[in-house]
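Have a look at these structures, which come just after this line.
In the two complexes below, chain A is the common chain; its partner is chain B in one and chain C in the other.
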Partner chain A sequence: MSATLPAAPKTNRIGLAKADYEGAKSTLCLGCGHDVITKQIVTAFFELGIEPRRVAKFSGIGCSSKTPAYFLNRAWGVNAVHGRMPSVATGALLANPELVGIGVSGDGDTASIGVGQFVHLVRRNIPLVYVVENNGVYGLTKGQFSATADVGSTLKGGGANDLVPIDICGLAIELGCGFVARSFSGDMKQLQSILQAAITHRGTSVIDVISPCVTFNDHEGSTKSYKYAKDHEEPLHDIGFVPYFDDTVAEVPPGEVRDVPFPDGSVVRFHSVGRDYDPTDKDQVLATLHRSRTAKEFLTGILYLEPEKPSFARLLNTVEEPLTTLGEERLRPSREALAAILEAYR
Partner chain B sequence: MSTVPSPAAGSPATFAVNDFSLQVATANGSGSQTANNVLLRSIFRMGVPVSGKNLFPSNIQGLPTWFTIRASRHGYIGRKRELDVLVLMNPETATEDTLGAAPGTSVVYEKKLSVEKLREDLRLFPVPFSELAAKLPLPPDQAKLRRLLVNMIYVGVLSDLMEIDPAEIEASIRRQLGGKAKAIDLNLAAMRLGAEHAASAFPQKLPHRVERMDATAGKLIIDGNSASALGCLFGGATVCTWYPITPSSSLCETFIDLCAEHRVDPGTGRATAAIVQAEDEIASIGMVLGAGWAGARAFTATSGPGISLMSELIGYGYYTEIPAVIFDVQRVGPSTGLPTRTMQGDVLICHTNSHGDGKHPVLFPASPEECFSMAQEAFDLAERLQTPVFVLTDLDLGMNNWMADPFPYPAAPFDRGKVLDADGVERLKGTWGRYKDVDGDGIPWRTLPGTDHPKAAYFTRGSGHNEAAGYTEKAQDYVRNVERLARKLETARALLPKPATEDRPGATAGLLAFGTSHYGTTEGRDLLERQHGLPLDYLRLRALPLGPEARAWIDRHEVVYVVEQNRDAQLAALLRDELPAHATRIVSVLQYDGLPLDATTVVDGVLSHRGRTGGAR
Partner chain C sequence: MTRVAKSRRFQARGAAGSESAHNHRMIQSLRTLRPGIALLALGLFATGCATTAPETTLPGRNLALIDVQYPESRMSGVAMAAGEETPTARMGKSLIRELGRDGKFQVVDARGAGVRPAELGKDAAKTAALVRSAPADAYLGVRLLDCAARAITETERRGSGPTAVEVTVYLFRGECTAEMTAYDPTGKILKVLQKSGRWDSPRQERPDSGAMQSQALTNAVDNTANRIAREFKPGQAGAPAAAPETK
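Coming up: the complex of A and B.
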């Protein structure tokens, strides 16, 4: 008999262990960038202490869209059809605004077949964390170019892409998205801060994560390979996220610091890394983004932040509680109301 | 039981009093709608059964429009192919309309059109409409208003020629124009101008007259889309998503208006319904499914092109078992087709929607009363069966004006179906599976997102899934699941609205129709019995899949005439598939010209079959 008891697992502020946030075993290729993102999603929800039963996970079709099965088993999942995750999420989150929505999509699912729905989700500012696991290829159908492939990037079997890529972040900012970030699955620390901030944001938060496809797009000549991303990543800033319930002082390296508060009291803390960048100044953000495209820089960080933008439910002025919980007494007008309505047709 | 008015049997076929079809030809955007509605309502107020059908172009201004009023003391309110009275106001169509008229038709026309040069066998009433309009007390810069008021002049002319009570016309004008005193005065002046002109110019009146009777007391005049929207309101819909498309838009627009008044939370002033005009029909159905998955009563309304776009997600809803209500207000296809004409052409695409296997419940309202009741039933059925449910109406029912009895206040509470709460999950001690058939009816139990139990959540996927909602590609899991779905459809047969039947003594053959085909079919049936001595039983199908009552009814008839408004005999094909032993007794009677079914089509169709087969009963 052992003399020492095993250490109790670390629990979060609602008393759950990290294991309570895990999902099924991943069936993606060994070394896939998507699995790294999945781990960071598990950690973010655990650290924020969000009840899994309040979380709704959404996805479309593709390798990335399989991943909601790999995190938060105790949360509700909807693996929708190709490119239509935004509309399904919109309906669910309007019906029950108490749900915390997270959607995982890919570059094909978002920038090709689903670009229309993506655009309108962002326009409506549906409170959804929208993660694009962007690898520049269709993995599940074995390596065709997607609409985010850079000009000149090559396929594994040869052939270069001639078409201008769709910049998911640039598109989202133009459409008025209040939270737009770009990250890299190889930069776990940055991704973690971005995810926590995105989950806290009460509107659409778009996170374009370069997530290399180890099987079809990790070769020399690809601009979405691990090596290319590592060599070209240029973080705009270091990001610290201080949730509203955390009263410890965030670890901040020396230098210039910019705090952006969220309505719930949480704070995103930006620490400049040489570049003077204000993520709340849209003109500057767009100019920087345009310059970086010309210079072929891979900028990462929270590109744009506007925490106070009203969500769609606010604009529709729907009741606070879930529409799903309203009973007959609040939904069915009275006998007198029916009589009055019909009178107008006599 | 049928809630559709059935005309009394054995009445004479044609009569000049309270039995006519009147058509007004104008250009769209010319403001004739008010005048036509005034005419319709005035006849209605005189107690005469009436219906109004607007035949309009897919255009905003300038193209030909016809408005047809059918008045029938026998209660026949379907379209009549033969027109008795024409009002020709549109130079574009005057020649064609005149040449197409049956001999003896009464024609009221703008004198300048000189249609008397075209035919000698018509009863002609030339009226100098523009000269009369010039007499209206209006400043010279009001040319546009003057053009609008011309329409009320023909109302006045008809009032004199057909003895439509001017007092009822005045009441209808006042009702139609609300509190706008100046507009009311001008319209009344125009109407009187027309009546006075006709009184002096035409000593000989029309043979078709309106005489006061008492068949419309207490009734409403309402279009099917408004009735469907009311059904959604009283049926507890909380999410409505839509993409504008003729002829369904007014359903959602009416729902919006209703919610602005009746879905405002008294405590907070906030809305108890979320209404979204989506970017397309794919997004509409996606939102409906998302909301239905979350546990809301959600619906969308569209027409055929929208159903085509929605198909992938409808199959998703079927396979993942999400409640949804889809109104399809049918128009003429394929493709853009004739977007402002009517058809029953979406029976197959709705009932068998999406790739792979799958059949879906489809409801067939035939009247505003049923639009109201079936909209409510659709939400109950969608939640009870956990599947998309279609409500199939058409342009004729959805957009035209129909008489209706006042809608009864809903008697039953909402049926929210098999939903497990946290206690329910706890009681099952971990044995619950989202897609497990514990009751033998093919319908599993579901939980709603947010349910506070660690075992309550499940993963919804359109890919292969087992009873526990886990991913699977195993052959036996797939087969087990789709066979349960088939079992669920069997359960649906008993839950769906039952057919309405009406038998005649001695009949061995029957007519079978659904939706708006009811009107032409029942009128045709009366004509067949009265004029041709052929009694026929009648069944009006109110839902698919077929229930036991409809099967038994078909079983006991030697010949079943299936009347529908499409070329491919879509319902007949489904019936033959369901009842292969009876395939040869099913005979189709079809109309697919974009116009509402008329009785003559039914009479001709049945007689032509009897002729081919030697007239056997």
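Coming up: the complex of A and C.
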């Protein structure tokens, strides 16, 4: 009698299995879009071969902000005060520039209570992947409209929204964000490419993901439901991401593909889907976004990309090393050095 | 007793008393900061103090550098003075020096063996030849990700008041990011480590020469190699020391 040994788990380029990137079991509602995003985050870090201990996870308050518990349980993490995640992330990522930061927030945590923090995170270009799990309602408090609910969208129990929504992507682009994308939790292939590119980007990457709330906002009349998003999603392009360590060169038909390189050698590859859209042309991007809002289109893809934009740490010219590893001799300037600094201000 | 009454009591104690009163007021004002300090401490404890230092023990003391690569397409953007070392050549030399500093590791340069990291353990003939010519506990491959020296212009304010002047200063900022992978002789990955280094040329009131740009790049590469080398330490067990080359 012969016993069959289970196959060894597939490992990534640093020898870790996918299980090494997972977290606790989700306690969200069955079918919640947030769980799909969590799975894609796990896959993205696994595929890129980033050591979990190099990652710091941040969140605020809300259903979305629970999700960092469900991925990368070997990473560092802070579940911050409601809407205050950007401050904590700013401090941590400046104190240790070797960390790969990912923040998961919701539409309430970002566009309502946290909007004051969000805008400063973006304008400073803190190197953080900022994922907004956007369902248009406050799920934890039984489904009231959030600040991203579209005009005319209805609640489960009736009642339409009259207030103009905050467009998180439009806001981020106006504030100078170098990586802005919109996706849908039901479009896993696109979301995966966007996440990998966002993790590689060396500045703030804002990803607004429409993630239906199956309990409070997945009905007829909602513009953030699975059905509505599936019926109305219009990808601006097909996205491929080639990380710097991938040496395979794919043949691509000329004229239909545009490559945008990242400083580390990775490449985002845009395949045209018939639209004339240049994600590096800010004026065109903003005009397209304005038109799509009027036409009530649900455009997805990497909306805007500027890979060379300097991060906050580079602008401040801070050290490359984590502050905790600096010795006293580097942290404490000599009496002469201090005198020279003071002299420069006289 | 109220704070005001307590404060007045301190004030009534003459010179020493007034010092105490001053201290007391300072303490009172600091108390209002306590919630902020607590949050800061929590943030630092939870993340700022997070160390990204990996498990950096390699199986032994004997290492062999087999490859340093920088995709050609990216090399074309690197400004170098005539006769200057390429970033790959510099990284190889610098890494061997830094890893071998104070006898921490014994490192041999096995780049001449012509074995790429992807071939380790897969191309049996090449691997066997490498292991024969450069027996080591771990084989190192390095990939440069983004190494360049960029021209920077900054404005400095000098002096104060009406005599203050703003001066434009020029410098070259050398930056380099490299990823080093350590393999065992069968090609199994032991460790992947990514580090960045930097070096700024002295600030000048006029643009410096291309030679200084080259120097900034070289120093940034050296700094990166130093940072990589600092992360690794040798384990107890290991293969016998690399045999000296005989001809």
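Definition applied: the second predicted complex is superposed on the first by the 323 of 346 C-alpha atoms of A that agree within 3 Å, B and C clash if a C-alpha of one lies under 4 Å from a C-alpha of the other, contacts with A are read in each partner's own complex, and residues count from 1 in each chain.
Methods note: a contact is a pair of C-beta atoms (placed from the backbone, for glycine too) under 8 Å apart; a residue touches a chain by one contact, two chains touch by 3 or more.
Remember, it's a predicted structure, so these values are computed and weren't measured experimentally.
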Partner chain in contact with A:Y244 - chain B first, chain C second, else both or neither: second
Partner chain(s) touched by A:R330 [first = chain B, second = chain C, both, neither]: first
Touching partner for A:A69 - first (chain B), second (chain C), both, neither: first
Partner chain in contact with A:K309 - chain B first, chain C second, else both or neither: neither
Partner chain in contact with A:E320 - chain B first, chain C second, else both or neither: both
Touching partner for A:G15 - first (chain B), second (chain C), both, neither: second
Partner chain(s) touched by A:V88 [first = chain B, second = chain C, both, neither]: both
Partner chain(s) touched by A:R346 [first = chain B, second = chain C, both, neither]: both
Partner chain(s) touched by A:Q117 [first = chain B, second = chain C, both, neither]: first
Residues of chain A at both interfaces, chain B in one complex, chain C in the other: 53-54, 56, 76-78, 88, 91-92, 95-96, 98-99, 317, 320, 322-324, 345-346
Complex interface listing, chain A residues touching chain C: 13-15, 49, 51, 53-54, 56, 76-78, 88, 91-92, 95-99, 244-245, 247, 263-265, 317, 320-325, 344-346
Interface residues, chain B side, partner chain A - complex: 219-222, 226, 230, 233-234, 236, 238-239, 241, 258, 262-263, 265, 268, 270-276, 278-280, 282-296, 298, 312-313, 316, 404, 406-407, 409-410, 413-414, 448-454, 456-463, 471
Residue ranges of chain A touching chain B (in the complex, touch as defined): 20, 52-54, 56, 68-69, 73-81, 84, 86-96, 98-99, 116-117, 119-120, 313, 316-320, 322-324, 326, 328, 330-333, 335, 337-339, 341-342, 345-346
Residues of chain C defined as touching chain A within the complex: 40, 43-44, 46-54, 71, 74, 118, 143, 145-146, 158-160, 177, 179, 188-189, 191-192, 195-198, 200, 227
